[in-house]
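As written, the chains take the letters A, B, C, D and E, and residue 1 is the first residue of each chain.
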Amino acid sequence: MASANNRATAPGPNRSLARSRPRYGEAAVKVLLLAAALVSIATTLGIVAALLEPTIEFFSEVSLGEFFGSTSWGPLFSPPSFGVWPIIVATLEITLIAIIVAIPLGLAAAIYLSEYATPRVRKIFKPVLEVLAGIPTVVFGFFAFSFVTPLLQDILPFSLDPRNALSAGLLVGVMIIPIVASLSEDAMSAVPRSLREGSFALGASKMTTSVSVVLPAAFSGIVAAVILAISRAAGETMIVAIAAGFKSIFTFNPGSEMATMAAFIASAGSGDAPVGSIAYKTIFAVGSLLFIMTFAMNWFSARMVKKYREVYE
Amino acid sequence: MAILSTPRSQVDLVGKGRPLREHLFRIALLSSLAIALIFLALLLAYTLTEGWPRLDSRLWENFPSVRRPETAGVLSGITGTLWIIGLTALMALPTGVLAAIYLEEYADNTRWYNRLIELNIANLAAVPSIVYGILGLGIIARWLDFGFTVMTGAVTISLLVLPIVIISAREAIRAVPPSIREGSLALGATQWQTIYRQVLPASIPGIATGSILALSRAIGEAAPFLMLGAATLVRFNPDGVWSSFTVLPLQIYNLISQSREEFHILAAAAIVVLLAILLLMNSLAIWLRNRYQKRW
Amino acid sequence: MTQPNVTLRGPDVPNTPGSLDPVFTVEDLSVFYGDYEAVRNVDMMIGRREITAMIGPSGCGKSTVLRCFNRMNDLIPGAHIKGKILYHEEDLYGDHVDPIEVRRRIGMVFQKPNPFPKPIYDNVAYGPRVNGIKKNMDSIVEEALQKAALWDEVKDKLKQNALSLSGGQQQRLCIARAIAVKPEVILMDEPCSALDPIATTKIEDLMQELRQEYTILIVTHNMQQAARVSDRTAFFTADVDDAGVRHGRLVEFDQTTRIFTKPSDKRTEDYITGRFG
Amino acid sequence: GGGDTATPADPGTEATGGAESAPAALAGEIKIDGSSTVAPLIQVAAEIFGEEQPQVKLAVGTSGTGGGFEKFCAGETAIANASRPIKDEEKAACTAKGINFGELRVATDALTVVVPKENTWATCLTVDQLKKIWEPGAEGKITSWDQVDAKFPKEPLKLFGPGTDSGTFEYFTEEINGEKNVSRKDYSPSEDDNVIVQGVAGAKGGLGYFGYTYYEENMDKLTAVQVDSGAGCVGPSAQSAQDGTYTPLSRPLFIYPNLAELKKPEVTAFVDYLVANIATIAKDAKFITLNPEQEAKLKTDSASLKTQAG
Amino acid sequence: MTQPNVTLRGPDVPNTPGSLDPVFTVEDLSVFYGDYEAVRNVDMMIGRREITAMIGPSGCGKSTVLRCFNRMNDLIPGAHIKGKILYHEEDLYGDHVDPIEVRRRIGMVFQKPNPFPKPIYDNVAYGPRVNGIKKNMDSIVEEALQKAALWDEVKDKLKQNALSLSGGQQQRLCIARAIAVKPEVILMDEPCSALDPIATTKIEDLMQELRQEYTILIVTHNMQQAARVSDRTAFFTADVDDAGVRHGRLVEFDQTTRIFTKPSDKRTEDYITGRFG
């Protein structure tokens, strides 16, 4: 049969299909790539390692009961108190204000960009949102403290502390608008055109189509966007450090100064708590709590996405 | 059936009063977007007017000073930021791109460890930056004994932006149609040849865009540096990776904390510089995206 | 010419050209995407309670023309028409005409089944609801599903997500969804091309039934399908003008039997006999 | 730099003319960290010294007194700034790491209790009144000025102070409340003196305390309250702090050089420079200068440190 | 039965079953995606320098089988085969076999033209380059483009990006690209379905020429095309087993003339005559 092969350069059909030369490079590359991917695992392990030991030591000195059972927070006061609720409440309150601002505005902006805007308009506005997303949080903090708070103090009927949860929350909200808007827009754009056409073909208006077909179909993506935004808000440090302050009292009053978990870590971490002191370990205990909260939210988000993702694909 | 009873010649195709609600909805959507934009404009206008008196070359030629707020600058912050960003680009970008290639091109999603890596990256993207500060403090500065140096800052920030780089690089790689890969493999190219010669070149604009956006996040970070105790008054430029340093956002934070009004003006001016750098980077990203956007 | 291998609908085809009772009258229609004239100078008529098939090679503008009938093309930025489409005696593109109302009267079924990711019930109820109907929803839904020959298969799982249905069931659901708003006309753009042969047969049978009540326009790639189901066939093709631009064009429009046995145009014959396409 | 036109108070000129003119071009990096109260003084010194020795890189951090000692005893810094003397535990940590150090008192601080200009009633408060305001038991209870003293108006009390991690807080609580770090918690703590200034100035019933320097910088907005510790009302001033009549709130400020680091010429040069020009530096930084005896002690202490370091 | 309306290749078709000189011998091949058995028990032979067409309704596994011939399915996680494919006398799935070497010997052209976003020249040179060839690249490129009947159209713009070519030109470029590595076999998966009629005709003519030198396997939806170009035809269909799972199956494999005139299986006849599919 080989004789039938009249093309000199062509491989003879009887030449073996076995590998002509070994390819160690391919395997080496794969190992290198895997190593790069494992850096992320190492990062998580590093975070856990950094947090774990001081946290365990902390809880050998402070009972979980005191940590979660009391509303008095003052690890650096004497006598120290370790009821974590004031800073959790502050964190949740600021996060709540932030998402009250960011979810409607972000979602509305996303619907506009995905369903209404012409490609040209979208091409202009998406980058602008990206710019907003890139603004350093110190800048938001500065703006909140020196512009928004005085402004609110003038126009609001109730009194505001010079640093307060309200303006910090508002600004954290503005900070996460681009996250909500941009990721939700991605999710909505990923909804197949055919679904929209199906709705229009039934005589639905644009508003109905957007609200009752596109939004639900993009639900998992939107949930993921919102959860990412929430974790950003909950962990935001600079805005709250500058604009919400460090007062750790148990209050729900948004006009009051309050310390979030991140703000506590920042102030105690840059302060003088000696290594090994209980105050120092507190930083890590709060850090662990923050990390676990983020982790839990993301796990939930991943499950949501998995449950609903692309069922219509 | 309704339609059948309609006299044929008088089918009325005129709509019934929908438009008002539709218009209001549209206006509501637009104003939401507008609020975000107005806010941006307000912020820019405010910092610009605040910082205007100090927006001159002293800002980037002089070191910070506690004695002479009128002439103090933020030079060491600018150079520190450049050092950190440069090193971050060197460390985070290659690692991120390689990891993204692994996840997109090699990882078998049915394997638990690959799914774990993915979930882990999504989670890391959401971990607060202050927690990275703890990582930097506990592991990099103390355990690895890198001290409070440029290197510690850069490694910490690299780890912070790594998930963002990976996620955006994956998107860019995913945007390369599978048909290109199949075409290459069908010609007897190995997998790495296919990646190196087809997938990477085609996704480079996307990777670059994502990288720039990730780096602009890195530029604005201050919280991890608070934990790393970067010095507040640094009157020199870092001369190597083991040097002390400060970064612009941290300097801004410190300036805001000063009680003298002159320092606030200086802070606003420094913010304008920081925003200008960011706008520049963003414009570059947008330009890249528009210039190289592929239509397959 | 070779005898085409198509199984034509039997001699029971009732319509003769003379008996055409037009729902749509298309007069010198050209359709543009921006500056590009995708389809040129189409004249045709769609008969009441008939199935009209549109066939032709890919890219000749079948979908483009079909989507003009319910103003779906309005949604594509830059798309516009020249010429006229009369719906009964009314200009479909007249100033006072509300496209949303048009789409309510003229339903559409798409190539790939596109149920909403919602319960089966809500899929069917969607159309009536957006049209402001609130009462008797259960019976509207049941009736539509009955007509779409899907009721028996889904009556026990109306709350189930529509995406859990098979492809053929999904497509019938889409037909039910279209029927539920009680349109006069149903447009179908390659409704079976994503389906397996068994599902295809079901949809074709269904079309024959729907033909008792509705006017149907179908675009199909599958010549056999056109021959099997339609009363009239419009054959489109694309030709290249002097400037090298391709434009779609209606070549021949006639009773299906005639198109498949005695096409009057050489291009139709070539296409039918597989010499081209 | 922009500061070419030296102000008359610029000690830089003085130093060049001084006896110990700095040796030619030194280089190296000096890391200093610690109390944010002491930091401005050292920063000013670093700034002026840096103008003479541009190759010497001085990084001044403000991790707080405790944080400063922590890094110091880990060998990470050359000098620790402190607004209180080093504690025994901290000494032990240093010894464990083999770090020997000396103590230099470089300035005096007068913790200043401030109220806004509109406050016309609280010109003088007794230590007991301050305690009444600041003790833990006051938390949530003493919320109005008339509860402090019936003669005062019924103005809501808004409290500001330094963060719990600062030496200032520690000192103030010890002197006023009798024990370190014992304080009510419902005040606005801040590392950031600006917030205290803004906060106090912005609320009619505001009251806060911080280092004298910050008061000096904001005299236009704030009034310093006189303190009565039993010997009559005394206001904070350089005079009263130096001669010890401003009690109990005047306190010494320290730096702790690492003796091993002192072997390095640039570190010695910096400490020498600081010691030699302490009066002008303190003035420039708006600190209360040492009185002549204290300054003399500083000079002898630093000389003996140098011999210890060898 | 109705006479099928296909234009068969004339009596010049040289091959008779006896003369089949097999390049591939497929023995009891089943293909799995994970646990799902997509195709079952296929036996067939691919003759040297013949064009073999694979036809059948959508989803019957034509592409799946085709992609087994150059081990393209290896790239899909979970995909694996049972049975054997012999390439000449060698087991294509043998342990020592390097899939990369296999793909170099057995080229492939895809449904949608997929040129690399690079200059035309680099597209053609890509295959030789990744196979380590560095010399005489210009002549290799020219020869491949000549054989793909594209040289005249592109010889002046070899540096131009391949994406600027028309669809038909792109597909011929993909064929040139495949030829440039000098394969023995070319697999084509619906190579014309994204093309217009004119481009389709060009590709079909090209296939006839390539047949002088190469063994060609083509999957097509278009019966007419199969009839026009192929020597042998394999007709696949899918049937549902007792558990309700669909499996692809080879129904009939024979000379094209025979399949289109005297199919031995009822299902083939139904499909050919348009009664189903």
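Throughout what follows, contacts are C-beta pairs under 8 Å (C-beta built on N, C-alpha and C of every residue); 3 or more make two chains touch, one makes a residue touch a chain.
Small disclaimer: the values here were computed from a predicted structure and weren't measured.
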Quiz item: Along the shortest chain of touching chains, how many steps lie between chain D and chain E?
Solution: 2
Quiz item: Can you name the chains that touch chain B as well as chain C?
Solution: A, E
Practice problem: Averaging each chain's C-alpha atoms to get its centre, pick out the one most distant from chain E. | Solution: D
Self-check item: For chain C paired with chain D, centre-to-centre distance based on mean C-alpha positions, whole Å
Solution: 85
Quiz item: How many angstrom between the C-alpha centroids of chain D and chain B?
Solution: 39
Quiz item: What is the distance, in whole Å, between the centres of chain A and chain B, each centre taken as the mean of its C-alpha atoms?
Solution: 13
Quiz item: Could you state the distance in Å from the CA-based centre of chain A to that of chain E?
Solution: 49
Quiz item: What parts of chain B, by residue number, touch at least two of the other chains?
Solution: 18, 190, 229, 256, 264
Quiz item: What positions in chain D touch 2 or more of the other chains?
Solution: 62-63, 67, 191, 195, 198
Quiz item: When you check chain C against every other chain, which residues touch at least two of them?
Solution: 100-101
Exercise. Just spell out which pairs of chains touch, all of them.
Key: A-B, A-C, A-D, A-E, B-C, B-D, B-E, C-E
Quiz item: Which positions of chain A touch chain E when the two form their complex?
Solution: 1, 4, 7, 9-11, 13-14, 16-20
Quiz prompt | Touch list for chain D against partner chain A, complex | solution = 35, 62-70, 74, 89-90, 93, 136, 158, 163-167, 173, 179-183, 185-191, 195, 198-199, 202
Quiz prompt | Contact footprint of chain D on chain A as seen in their complex | solution = 72-74, 76-79, 161-163, 245-249, 257, 267-268, 270-275, 277, 279
Quiz item: Mind pulling up the chain E residues that touch chain A in the complex?
Solution: 21, 23, 48, 87-90, 92, 94, 96-98, 100-102, 104-105, 182, 184, 213
Practice problem: Please give the residue numbers of chain B that touch chain E in the complex, ascending. | Solution: 108-110, 177, 179-180, 182-190, 193, 197-198, 202, 294, 296
